[in-house]
Amino acid sequence: MSGYTFSAENLKEIDKLLKRYPSKEALTLPILWMVQNDLGYLSNIALREASKILDMPTSHFYSVASFYTMFKFKKSEKVFVELCKSLSCELNNSDELYEYLKTRDDIELVRVECLGSCGSSPMCAINGKYHENLNIKKLDTILGDKDAL
Amino acid sequence: MVTIYVNNKPIICKDKELLIKVLKENDIFIPHFCYHESLGADGNCRMCLVEIEGSKRPQIACDTFVYDGLRVHTKSESILETNKDILELELLSHPVDCPTCDQAGECSLQNYYMEYGLYDSRVSVAKNKKDKALDLGSNIMLDQERCVLCMRCVRFCSDITKTDELVVMGRGNDSYITTTPFMRLSNPYAMNVIDLCPVGALTSKDFRFKQRVWFLDSTQSICHACSKNCSIFIDHNAQKNQNDHVHRFRPRVNTMVNGHFICDEGRLSYKKANETRKNDFIMKSRISTYESILKHTKKLLQSENAIALVSASLSVEQMLLVKELSEMYLFDVYYDYKEDEKFGDDFLKSSIKESNLYTAKLLDFKLVDKPYEESLISKSLILNFNSEFISKPRPIEMIEFLTHEGKFERSSSIFTYEYFHNDMGLLINSDGVISSYKKSSKVKSEKFTLLKILNDLLDESYTNESIYEKYKELFFKNIPYSKIMKQSQRLGL
Amino acid sequence: MGIKTVQRPQKSLKHSLYISALYGGLKTTIKKFTQNISDIDSIPTINYPEQQPSDITSRYRGVHRLTKRADDTISCVACFMCATACPSKCIFIEATQRTDGVDEKMPRTFTIDMLECVFCGYCVEACPCDAIRMDSGIFTLIAKQREDFLYDKEKLLSIKGAFGNEVSNAK
Amino acid sequence: MLFKNVSARFEIENSNSIDVILEHNGYEMVKKLQEFTPEQIIQEVEKSGLRGKGGGGALAGAKWRLLEKAKGKKYIVINADESEPGTFKDRSIIEKDPHLLIEGIILTAYALNSNDAFIYIRGEYQEQAKILQKAIDEAYEKGFLGDETIHKYNIHLTLHRGAGAYICGEKSALLESLEGKRGHPRLKPHTPSPEYFFNNPTLVNNVETIATIPSIIKNGSSFYKNLGVEPSCGSMLFGVSGHVNKPGIYECEFGVSMLDYINTLGGGVKGESIKAVITGGVSTGVIPFEIVKDIKLTYEDLRKAGSSLGTGGMIVMNESTCMVKALKNILSFYHDESCGQCTPCREGTFWVDATLDKFLDGSATLEDIEILKSNSKIMNGKTVCVFAPSVSTVIDSFLKYFQDEFIAKIKVDV
Amino acid sequence: MSIFLTLIPFVLALLFSLAIVPVLVWMERRIAGLIQDRLGPNRCNVGGIRLGGLIQSIADVVKLFFKEEIHPHFIKNRFYYLVAPSLSFIAAFLSFMVIPFGDNYNYDGLNFTLQALDVDLGILWFLGFAGLGVYGIILAGWASSSKFGILGSLRAASQVISYEVAMSLAILSFVISYGSIDFRVMVQAQSETFLWVLPSWGVVMQPVATLILIVTAFAETNRAPFDAAEGESEIVAGYHTEYGAMKFGLFFVAEYMAMAASSALMVTILFGGYNLPYIDSKFMGEHLAFMAMFFVLMSSFFTFVLIRWIKKNNTYSSVSKKESKIYYVLLLGFLGFIALGFTYLVVFQLSSLAIALMQVMTFLLKFIAILFFFIWVRWTFPRFRYDQTQKLGWNLLLPLSIANVLVTAIVVVGAN
């Protein structure tokens, strides 16, 4: 980890956003997203860099990032599966999917709260992409096709 | 000014004042964790709920501003019930490890439990596990399980010191306080979070497990670590069959001087109070008696040509008596002081380390520079009043008045007198505020005070009050002694 | 409300002379005396120390001991509750950081001055960890010099309970 | 029964592309923007009786008035942080007709004299955010947004992504989050006043509310007012999920019978019968079939039944559902999502969640029901926001109608 | 020989006052024990001989003698501090000196008085020295520089002042009845009969004065129930709080001696002194053989009772049997000595000596009985509170004693 620099594209985006928001502080979430999209997680060095750009203490970024569930502080190489555990999905047997996914060790499984697909439950998001109206068979094929993920 | 009614009793207060502040100022019991006079309200603990007539739900006192005719109830049945329930929730994730917790005895949770609780625990679910005994740096230990997430410490680091070392991580029930990753608490005021923490989450590593607080007696005093003269409490006690021991300094609220805080260096300067001299009276490296050394000194003062050097940390009264002595025996009084630019800042630390320099200047003592060295040539006796800057160019008679071990133990006669923690007096800080420090009534003092020794040398019987009153018109703008004893007074620069 | 007022008995002449009361008292004691002197063996006496008492129960407040936890570590966490409750101020504790991972705090020294102890049992009542108990069943405290009456941590830990239940009952 | 107002263009293929939309009367009102005065628009909205669709059901016009009167630079924030289980209507607008939303935003901004608008979209909606961003970019391209617009009113619209916090759906928490802080709801002001974004007065409205504006301006307030039953005017995107054959979003006028809605639009219940329905997202509480069968979908009717319309996302549960498990699911959601600011919510949600575990593993006692009840009491009205009171509503409704099931789970003392 | 005989009264006085103390202590402990269902001291022994625990008292005396002398540093006036116990001791000792243990006896034509100091003003002497004892106590309390000490001595002093008056007045009524202040005359006066059948003992003649005298005697000697002066529950040990070792021992001994002196006084003026009822020295002289036989028979009766008691009750340990045998031998030997002694005296017509011996034995018997009463009372009644003590003294005993003196005087004057 030799350091982290924001790409030119990102810096341009930051400049653009800076004009939109009344205060620099508001860019916290966009910047965190940039870092996470870039690295896949929030690295300490990147956060220190972000704190320089926004002129905010690093502690602020940790505090904010840890509040939101979608930010990650550790890098994961595995396929990231977010299985919705909310009521509509549970009523449509998401537990069954969970039992199945638990047995697979090639994925990083997280049970998350409602992803807004109650009308097409059960569902899960794989690497952020929604897969709806699932059953074990369908899930198996999706996970089997590594390249499509 | 408006009138509000608390539990049907009228209270007169400023308009638009925070209700909790008014309640606290009027000594009405109002439980709270997140509100603190120096940090304001955060509204997260919900302990300070009060019933306000005309409002459907209980309101938090730390977000209610008073207006004329406001009617508040803090003791109605429903409020007591509510407070009890919220306290139960505060305790839900609390490990209740009071036996091992240093805060026990001065813990808000305990106090409120005594006030509202006294019930048996209904909790049958497993408690949240978090980290215990984390060393955050700056002598601070964190126990996340005990934390009630009032955020006082976080707000202190972000609002007061602006160093932002502390941060709350996570969300909801799993949130916890910690230092920012790869950072340690390192600001010079960090230990104030120990006092701010209403529970035992942040405790002092220095005081850790040393003593239970209910054994401690608190004495109102003044920190002598620099010329800021922060008001402090000295927490000390004498265990059975042992001598009195100072365990810690705590900041004492004094809006004129230090507000609610003191710096870490001042806080840890209590150690000096435990390192005072053992042997009381020394004459030429032999243990002697007070009477004989007194006689010896008087004889020398009458016959020899003397010069005196005072520490600029002596109290006002002590300096006044030195002045009396110098007028009686006609000798010059010098002082010196140390300036540490690195130490000072614009908050509670002053670069001048001597706590009463102001008075030394006020009394026209001479600053040590070349003339002192030169004037020594014709002198045959040095009186040293606890000064560190003493030098002794040639074999010369020397009488020392010391609180701690001195440089010239072997060749001088030494009176040992009580260090400030067991004495009383007045100090004037670098901003010209005169404050008093008091003597604990519980400590049995074995040593003499400097005042007593000087009185004996003068054959007078001044008390702290009488010597001050004698000179108050001349130097101290006629401020009466009793007024200073109650509250610090501004003399002005 | 709940207070019942009881009239003091009226003083009769018999009462104020006290004669009958004095007589009654003297009668009782002399009766005991004559009974006992005529049959000394009827006085229930244990010839201690040849005969040891057999009626010491678990509630008997004997010499203190410090209990251990199930994992054979000291259960005391040096909370000072015993020292606080002690009316004769004879418990001296110095706390220290505990490093064996069982708890945070433990006593570095724990000394009871048995010469000052009044065996009231408050320390046992006060202990939140069931760490100090008086169930050793030891009722004799003998030593040759004063210093020997200072029972330190090791000594207190080495004393065994006399009624089973060795281990601390605390959670 | 099905009524198409907001959802009018949902069926169109590629409805999220600006070109397609422009063919179907897209940005119709924006083009005629200068024909209206801002006051006219506000009056129309006020008269229409439009109610906020985010859950509270407050009159949108009143909120607009508050902002209009406020001083300073004004901001508009669109709340697209739709995280309530059972609710997915905003998603459909964003996916299927983002330009309707943008059109609404432009109208609103114009009416309230604001030049900056933000859409706060929940972090999980990554695909949707992309669609929306594309739509915004297209709108900029076509000159509906930006510094020099074809309708002569400058407006900037920024998409702001959240990152997974339900509480950010609460408007003050949303603004905190937008300001780049932890999403802690703010202490409520003591007098009616708009929200503030960095001390600037700000309007926070739900996606659907704003998306309704173009139709109101287009058809006039009386058109909207005449829909539904007074005072629940207009239509709404109701959603249905759970044990139904055709879950999804169907727009209806207010006043439709709930049972009809489920049976006809929702395709009827899976399994034999409806046991209970959660009326508008999990925070509204549950009502059993006896009440469901007589209820009409209006704010007032549902309030009378002790529930509320909420976001209109119904979750239907059939006779096989274990209500204890259902409550556990909801409470664990709340436990996960509590922001942790106020003690009653932070600890209370944890406690009730853990207590429900006891019911499920069979170690519960009668006292645990008391614990649920007392926690429900203490969470109601003692906190900064309405998160904890919703928990209390949910627990109360479950215990009110299905206490038997809880008692049946209690460990029998031998 | 005559010098030897002159010394006999002193020896007797010493025996009755000083040597009785360990016995008294022993009695106190054993009686207390037996009253309270305990045994009392029974372990201390010399070669297995325990004398029923009496050895314990001797051991105590030895201990007190050899204990370390501690002088508290805060005591300013060492002289008064040290003199106080001696004063108490001397006063108690001297007050005993005028008690007659028997009638005069002759030997070789010489006349000896069985009284350590042959003075006529017995009662005045006694009152004088008994009252002096409190000076020691006051001095002790004051010189101790201790709050407990001064409180104790103040209590003791006020108590003595309150009761001394009533006691003197009670004794005055006896003096009026007997018409003399000489103890010997009093004793002789009591050997007559009263109302034909009763012995004219003080207790019969003056029941009210008797009661007053007994109560005040208790108070004078600071005995329970009038021992508030050393109420250990409030003021540790009262005036002797700061005293240890033999200094305390002296107070201890003085207290018991004062008690013994009071008993002796009571024997002398209430219970006919050294005389048996109805029998005076003259009568004894006339029926010497018969009297001697009576005494020997009585002694053997007591001896056999004692032996039977030992046999039954001395079952403490395996060595007890051996010990008991030694006791039997000693007791029988002693009995034999008495029998032989009397035989000798009767055969050789040393009637005066025989009478003296019998009178001393009578005195001793009565003396021990009164002491027993003292102890019995102590272990029966609870301690009076200070104010109760004062109230009793001033409100009851003083008027009663004055009235009694008046009535006595009227009767005596009227009878004459």
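The first chain written gets the first letter, and so on, giving A, B, C, D and E; residue counts start at 1 in each chain.
Simple rule for what comes next: a contact is a pair of C-beta atoms (placed from the backbone, for glycine too) under 8 Å apart; a residue touches a chain by one contact, two chains touch by 3 or more.
Every value quoted in this text rests on a predicted model; they were computed, and no experiment measured them.
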{"item": "Path length in steps (a step moves to a chain that is touched) from subunit C to subunit D", "value": "2"}
{"item": "Smallest number of contact steps required from subunit B to reach subunit D", "value": "1"}
{"item": "Highest C-beta pair count, chain pair", "value": "A-D"}
{"item": "Reference subunit C; chain at largest CA-centroid distance", "value": "D"}
{"item": "Distance-to-centre winner among chains (Cα means, whole assembly as reference)", "value": "B"}
{"item": "Chain whose average C-alpha position is farthest from subunit B's own", "value": "E"}
{"item": "Chain centre separation in whole Å, for subunit C relative to subunit A (CA means)", "value": "65"}
{"item": "Averaged-CA centre spacing for the pair subunit E and subunit A, given as whole angstrom", "value": "106"}
{"item": "Between subunit D and subunit A, distance of the C-alpha-averaged centres to the nearest whole Å", "value": "23"}
{"item": "Inter-centroid spacing, subunit B versus subunit A (mean Cα positions, whole Å)", "value": "50"}
{"item": "Multi-partner residues of subunit A (each touching 2 or more other chains)", "value": "60, 63, 67-69"}
{"item": "Per-residue overlap in subunit D, given as positions that touch at least 2 other chains", "value": "165, 182, 336-337, 339"}
{"item": "In subunit E, residues with contacts to at least two other chains", "value": "none"}
{"item": "Contacting chain pairs - touch in the sense defined above", "value": "A-B, A-D, B-C, B-D, C-E"}
{"item": "Footprint of subunit D on subunit B - complex, ascending", "value": "43-47, 49, 56-58, 63, 65, 82, 85-86, 89-90, 92-93, 122-126, 128, 148-149, 168, 170-175"}
{"item": "Sites on subunit E touched by subunit C in the complex", "value": "31, 34-39, 309, 312-313, 315-317, 376-377, 379-381"}
{"item": "Residue ranges of subunit A in contact with subunit B within the complex", "value": "44, 57-60, 62-63, 66-69"}
{"item": "Interface residues, subunit A side, partner subunit D - complex", "value": "17, 20-23, 25-30, 32-33, 60, 63-65, 67-71, 82, 85-88, 90-92, 112-121, 125, 128-130"}
{"item": "Residues of subunit D that touch subunit B when the two form their complex", "value": "165, 182, 184, 187, 190, 335-344, 346-351, 354-355, 357-358, 365, 367-368, 371, 374, 377-378, 381-384"}
